[in-house]
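One chain, chain A, links the two complexes that follow: it is found with chain B in the first and with chain C in the second.
Take a look at the complex of A and B:
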């Protein structure tokens, strides 16, 4: 028999290195004779979308078109240190550094032409020439350091992380009580990651996180034998396929984070946090079993169902 | 890697002659297992005979009494054939859920059979449909039913000079179904699979064939259980007698395996889903 259940998983997650570790980012913006800006930033991007985010923040701050900004990233002979693309920190930390650099540039632009937008290469070139005439710097550096402090181990006080991202997911599952198979039918996700800089990317991050969470919850398992991993390739380390993915609906609660660039916070790691707990809760809701070990494979689910049936039977017999 | 002698015959006769003359040739069908084994150096191969250019092996022909499926017919071809979908629904379901699209385009039904995996998806279906294998060699033709081939595998298995040319399925008008339990919904090796073919008249079972896979060295039919179902109402097929019979059959087959406690329970659910797909068309997933 197939039984359906609904479960929720909620989290809050501190982004950045945390606990007082120096969490620094740097960026440089430059105006050039070619009628474009160069943004030097050390954001590494393996599909996370960091580069687009930096370009968007620069574009907004400089009041110009994205096409007029070249991004130079990750060439260590050209860029300053922005720290790692880790800890869900790039949008918040490096985004702030980019914004600070671009604000310095825009302040000088405002001095020479006022609040006017820069729509074309000619507009930018004009500024460049004015900067040369007026002997203004053409290159500005931005630096940002997150406010985090070590926790006092005596009092438990301090700011170990800054800022926090919040979220909740709902999972609907179907459990086959005769085979132990779990299918995830629906995921609904609601996140507060501050202002969402790039909505399409953010939605993709949540869906990708959900797929990792589904793998974590029901199929992914490292099998170790005498210290050696047995399933070392994707032919035997199983991850979800499109046939295992349900529709994922995403909602963003864009609560302004006053210290973030345009109110933004990190979303990288948080995207996979609530999925697996939501699925295990949904399994409990469907068939009344509490699994305390991942993944919820057919074996584990079926064994737990049989165990519960036996327990229930014993209870009835005792009455 | 050492060099491999590669033959690509155009005609079946040519292939059979090559098989006769070549010591220890490897037959290349879809290559979804052989090529991986060669690349990973799990198998040492001196001569490969590629069957992919032999048109006659890639055809599906139908006559009054049976359908003949060439051994080089791919799982994608099986999905697309209207007669297979209409009359051999279990085989259609098996093909549709086989691996992933790229593999369905390459992998052949013959390769799936000859590889003789415990978890081969097509074998239980062919067994339940009373299918037969046709082997050819210079000595002529050898026809053997699928159940006999695997129950007596060491004696009956393909000989070094033979080639599997056809799979024959009788057109008996069975309602047939298939279900595979894998670790995920596609591109998964079966943990357990089950195929059911049956004939009923006014709600009474006239004949039923049940084959199970991945619960023993080779797939097998559970003939004892099949017998007790005959002349019973359809509802009997989901009765405790049948389910306990399946549990016992799996227990007996894999007593000493660590997966036994799980598989003897799960086989019941897998069988019921296969049965329901035979009686009621396709299920979700």
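Take a look at the complex of A and C:
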């Protein structure tokens, strides 16, 4: 028989290195004779979208077009230390550094031409020449450090992370009670990652996270024997394919984070957190079994269903 | 060494190669077409997908020596001076994250839509099910394929009108 269930998983996640560890980012903005800005930033981006986030923040702050910002990234002979693209920290941390650098630049621009937007290369070039005439610097550095402190283990007091990202996901599953197979039919995700800088990327991040979460919940298992991984290929370490993915619906609760760049917070790692718990809760809702071991493979689910039936039978016998 | 003549993206190449050279290495190392990726090297991930005589194959599983006289399309040959509608659609919907799976995804999509421009969502999902993607969760890729269908139908429509007038 196929039984359906609904489950929820909720989380809050501290982004950044945390615990008072120096969490620093630097960025440099430069105005050039080519009619464009150079933004130097050390964000590494292998698909996480950090670079376009930095460009968007710079463009907003400088009141210019993204096309007029040239990004120089990752070449350590050219960029300052931005810290790692880890701990879901780049949008918040480096985003702030970029904003600070660009604010310094924009303040000087305002001094020479007022609030005017810079729409063309000629506009930028005009500023560049004015800066030279007036002996104004053409390079500005931004520095940001996240404020966290170590937790006092005796009192439990402290500010170990800042800021936190929040989210909840709903999963609908169908469990085949004869085979133990779990199908995920639907995921609905709602996240508070502050102001969303790039909605298409943020959505992609969450759907991708959901697919990792589905793999984590029902497919992916590293089998280790005496320190060596047994299932080292895609034929025995199974990850979701296009056929395994249900529809994922994404909602953003864009609550302003006052310390974030334009109110933004991190979203990288949080995107895969609530999916697996939601699925396991949905399995419980469908067939009444509590799995405490990942993943919920056919064998595990079936064994747990059998065990439950036995327990239920014993209860009835005792009455 | 064996001599093979393989047509890749419309150009015919004759090369003397090791009989055990994989098509994937022929493309990447002999022809320096680095768009085709190697993921697993054992036919599981689809990163190395290319089109051979209209059908998708995993180029890591095919010996180049067996491709004599065949026609191959790689990602480099999908668009011309401009991007192919599939590539434009992928960009527009944000279907690309790290991009490693994307050449294979685009070729699987092309092989499908060249045969069946009206493919349903299920057919699309099946057509790309041999291409693993760790980043996107596939949803935006499927959306991209659907947008590509619309774009390709539109350009086909325009072509017809031009033909008539």
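Please note the rule applied: the second predicted complex is superposed on the first by the 319 of 319 C-alpha atoms of A that agree within 3 Å, B and C clash if a C-alpha of one lies under 4 Å from a C-alpha of the other, contacts with A are read in each partner's own complex, and residues count from 1 in each chain.
Convention: a contact is a pair of C-beta atoms (placed from the backbone, for glycine too) under 8 Å apart; a residue touches a chain by one contact, two chains touch by 3 or more.
All figures in this text were calculated on a predicted structure; none of them were measured in a lab.
Enquirer: Touch check for A:152: first (chain B), second (chain C), both, or neither?
Expert: neither
Enquirer: Figure out whether A:219 sits in contact with chain B (first) or chain C (second), or with both, or with neither.
Expert: first
Enquirer: One more residue to check, A:181. First (chain B), second (chain C), both or neither?
Expert: Touch status of A:181: first partner only.
Enquirer: Applying the touch criterion given at the start, work out whether A:243 contacts chain B, chain C, both or neither, answering first, second, both or neither.
Expert: So A:243 meets both chain B and chain C here.
Enquirer: Check the contacts made with chain A and report whether chain B or chain C touches more of its residues.
Expert: C
Enquirer: Using the superposition on chain A described above, determine whether A:306 touches chain B (first), chain C (second), both, or neither.
Expert: first
Enquirer: By the touch definition at the top of the document, which applies to A:292: first (chain B), second (chain C), both, or neither?
Expert: Neither: A:292 stays clear of chain B and chain C.
Enquirer: Once the two structures are fitted together, what part of chain A is touched by chain B and by chain C alike?
Expert: 240-243
Enquirer: What residues of chain B sit close enough to touch chain A in their complex?
Expert: 100, 181, 183-188, 191, 259, 261-262, 265-266, 268-270, 272-273, 284-285
Enquirer: Give the list of chain C residues in touch with chain A in this complex.
Expert: 40, 42, 44-45, 93-94, 96-99, 124-126, 128-142
Enquirer: Give the list of chain A residues in touch with chain B in this complex.
Expert: Touching chain B from chain A are residues 176-181, 183, 219, 238, 240-244, 297-299, 302-303, 306.
Enquirer: Could you please specify the touching residues of chain A with respect to chain C in the complex?
Expert: Those in contact with chain C are residues 46-49, 200-201, 203-205, 207-212, 233-235, 239-243, 245, 247-248.
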